[in-house]
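Residue numbering begins at 1 within each chain, and the chains themselves are lettered A, B, C and D in the order written.
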Amino acid sequence: MIDLSASFAGLSLKNPVLTASGTFGYGREAAELYDLSLLGGVMVKGVSREPWSGNAPARVARAPGGMLNAIGLQNPGLTHFLEVDLPFLRRYEMAVVVNVVGHDVEGFVDVVRGVTGAPGVAAIELNISCPNVKDGLLFSQDPQSARRLVEAARQATDLPLIVKVSPNVTDPVELGLACREGGADALSAINTLVGIAIDPARRAPVLGNRTGGLSGPAVKPVGLRIVYDLAAQVGLPVVGMGGIETGRDALEYILAGARAIAVGTAVFRDPYAPPRIVRELEAELERYGFDSAAQAWAAANPQAREAVS
Amino acid sequence: MIDLSASFAGLSLKNPVLTASGTFGYGREAAELYDLSLLGGVMVKGVSREPWSGNAPARVARAPGGMLNAIGLQNPGLTHFLEVDLPFLRRYEMAVVVNVVGHDVEGFVDVVRGVTGAPGVAAIELNISCPNVKDGLLFSQDPQSARRLVEAARQATDLPLIVKVSPNVTDPVELGLACREGGADALSAINTLVGIAIDPARRAPVLGNRTGGLSGPAVKPVGLRIVYDLAAQVGLPVVGMGGIETGRDALEYILAGARAIAVGTAVFRDPYAPPRIVRELEAELERYGFDSAAQAWAAANPQAREAVS
Amino acid sequence: MRQWELVVAESLRPAEGYVELRCEAPEAIETAPGQFFMLRAGEGPDTYLPRAFSWYRREDPRRVSFLFRVQGPGTAHLAALRPGDLVPATGPLGRGFPLPGRPVRAALLGGGVGVPPLWGLARALRAQGSEVLALVGARSRAHLVGVEDLRAEGAQVLVATDDGSTGYRGPLTDLLPADVDVLYACGPEGMLRRVQEISLAGGPEAYLALEAPMACGYGVCLGCVVERAEPDPALGEYGKYQRVCREGPVFAAGEVRF
Amino acid sequence: MRQWELVVAESLRPAEGYVELRCEAPEAIETAPGQFFMLRAGEGPDTYLPRAFSWYRREDPRRVSFLFRVQGPGTAHLAALRPGDLVPATGPLGRGFPLPGRPVRAALLGGGVGVPPLWGLARALRAQGSEVLALVGARSRAHLVGVEDLRAEGAQVLVATDDGSTGYRGPLTDLLPADVDVLYACGPEGMLRRVQEISLAGGPEAYLALEAPMACGYGVCLGCVVERAEPDPALGEYGKYQRVCREGPVFAAGEVRF
């Protein structure tokens, strides 16, 4: 038996497979297909203080080896989440990670405070890396403002605090270090890469918001690189994501230094991808001679190896 | 008849299809397959003052929808280029663009000076965006040092000066503006995205240089976005590249604001890709109701439209 | 909604540029008229996302067909499939056409790729005793699909083409008789708007089957939204949009704003 | 080097995990032993780059075969091809095995996927009157390929397996007789090193067919390099590496440093 459990940053997961924020709603649709307790956890769609409408359509477009989206963080807001979505998710034995968004520090902190103390929340993920809303990348583009945001969130909660860093920056490690200084317990990476699709018939961008976020297998090498660098150079546990489609991809992320991974775009192609990846990861670990996911994580990354021992 | 010619920044191309630096050597191999005069031009492999050995293997790896490379700018150096490669390329009716690399400002400037005045050089492309050599991204990561490098190169040549900007930065437009201030005549984009591939069997990165540059269709939406932003916000002509495989891709780049385009990784999958793309671009322009490539370029981009009229 | 490994049984070419892909399912699948499936449409780089298709002609619960026009890489891939090839599919998805509680006189309007969902609807309406008038539109005679199949289900079919190469020349809605009880429409946005107008201006109740670019097809990506005509104030800003894949693809004429 | 649309004629399974893909070319293709082709190995995201394969058994200049082991997505795709499917190919590529100017006694060493290029070499050597001893290695009996085909060309074949399930148990080089004039080897790096050592330590001249991860296969990417044993000083730093696809894939034992 392979031990799939993962413990880090105050989180205890039965397996390291989460679902990525914004690709799984609040779990209700996938729950029609399989038991969510099969998962390590769910990172829910970004939650803001007030309800948000999101961007004008078109919101999705195809891209080679993936897709572009410009959803713009449409979500029903904090109260709806606490009253309707969280109680639903709590029925399952897995970790609920609340992805938090806001237009400013106050907006973020109010949601952080609002979910802190709500029973059933395992951790908070601060989304400072959404390219699809005005100011969505504001906190990523300047490490000092990221640090201040994380500090403010830190003061508002004692839940594990994960910060989702952007790949659209010159130096993700600098950003990660700033988040660490601000009091983050862990990092997650990557969010989508800014891209555009052009419609020759309309001689204009395909998406309503002009640009969108690139995700799917196409971004996997970039995600792996950023996770590799963050894991080796920041000294915080990392939740890895970006183009994970198979157990082999998940293992690659773990070997790059991720403590846990999240499955995003792959659930659009295969709604059963998350539980499938749990099974496949187990088989891949076995195939490459590992007894546990934690052992694989410790195997590849010198810094990680030190930290685990 | 569709008019494919492109004139900008002192360059006159019979058609807007170039080959991207580092994916075409110095033209000798492709010339065994077809007449290079079919092309708008060739952007040659990066040329440094002294010969460079490049990185230790493995240097290439597969990636979803593309590849990773860590060649590290292996090249025979300026003298060899001038004595052997340039004379060969001059035999063809097309524009030779010399991609220039260096470890420091002097290294760049010596090559710029060295090729200036050599008969048959149509333009210079300063490669300040190679992620595969130490310090390769130095000049991209700080707009002010990019500006100073471009200034120094500007003083050393009156050839059209194209600067190849990096996608691995927070704000490519800021970088582009700095290059413009420094005296660049045009920009080219994108170079490769930094990525990594992990080999589970060896529990280590696949490439000898650890990280590599991601190219191919996977990066097309990122390339299009950066070209779109540069064309609209910098006010310099842009040579677009990144994942161009078909005439339709070329048209998308032109509609995003590129005056010319370059074909890179696609020539590995299909050695005949560049002349094929010339033909396909002509057909696509016709299909979408354009009389010329220049008209398509002017159609999509408001800023471009002003500039052309 | 479930996932299925469909197997191609036959691939037909009913009209220029159209393919009918007849597939076998591993077991019986229950579908309502207006529902759709997400089909995996290739392993290539441009077909990472699955594509949405209404189900078409089904006599046998272990078979399911799709009728589509070849438009881009996804439909090109599906068009090239041969008997025995696999088509992973998720479905049935979405909310289909509501059936009237009693026999009525119904008009079904289908333009272009809007025809497929009408077949199941015609059959269901006939089964509960309704009279079915099907108005089928196409660019020209060569692009016309579904006419014989709809007739076989007992629908009276009228045809319109853009170029007049067969049937009426002009918009389908011109062919609408005054005395119908309910309208069902699927097709280009222009046609749906017109049906919406007719209905909201005191005409018969109408149901519109919408399309939108989709990533997931089952409600998790929020990619396929269309504006709600009357947002629920309790939802705040969130109420502005609704999902075509989940709240739709069929909406009552009064529910959507184009 | 040219580009060809090969058409699959037959797909054989000569051993566990191996496929021989026999293809038809639109016209005669001339190939030298040791040369290779880049085959387009799928439309999927993991097969953007073509894959390198030595040509195998060819009786007819309008046919070309490839013998390969299924390793990853590219070979899996090729293994799934059916007669009639197209395989875009570029080739022949690279510098093959040099033939001796006179009849000699030659030993050919092929381990695993190193066997395919030896077939053409054996045939060419026999044609110019040489004696051919082929040493063929594999993990075990079930993974052994090429033995019968080499015998059919008049080679004397000796076999070694890692597990001793057939033939000698141990490295192929143990089977080398003392009295050969020239060695040709293709296979795992360990085996090539050993042959290089034997040759450079006063043994017979030797030629090694190398493999390297390739992007283009025709010299433009500089992805496939291996160190030169004796860099040309005129080339400076640039002389450190040479391309397997262009200067190779066959090198004299003294030309490369592993």
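Everything that follows uses one rule, which is that contacts are C-beta pairs under 8 Å (C-beta built on N, C-alpha and C of every residue); 3 or more make two chains touch, one makes a residue touch a chain.
All values reported here derive from a predicted model rather than from experimental measurement.
On a Cα centroid basis, the chain most remote from chain D in this structure is C. C-beta contact counts were set side by side for A-D and B-D; B-D has more. Per-chain CA centroids place chain A at a distance of 34 Å from chain B.
Chain B and chain C have Cα centroids lying 46 Å from one another.
Centroids built from CA atoms put chain D at 35 Å from chain B. In chain B, the residues that reach two or more other chains under the touch definition are 63-66, 216-218.
Multi-chain contact residues of chain C (touching two or more other chains): 45, 48. The touch graph of the protein chains shown is complete. Considering their complex, residues 64-65, 217-218 of chain B touch chain C. Taken together, the chain D residues at the contact with chain C in this complex read 42-45, 48.
Across the complex, chain B meets chain A through its residues 63-66, 68, 141, 168-171, 193-198, 200-201, 203-205, 211-212, 214, 216-222, 224-225, 228, 243, 248, 251-252, 255-256, 284, 288, 299-300.
Those residues of chain B that touch chain D in the complex are listed here as 22-25, 28-30, 32-33, 45, 50-54, 57-67, 69, 71, 74-77, 80, 216-218, 265, 267-272. Every residue of chain C that touches chain A in the complex is listed here, in rising order: 1-3, 40, 45-50, 73, 88, 90, 212-226, 235-241, 246.
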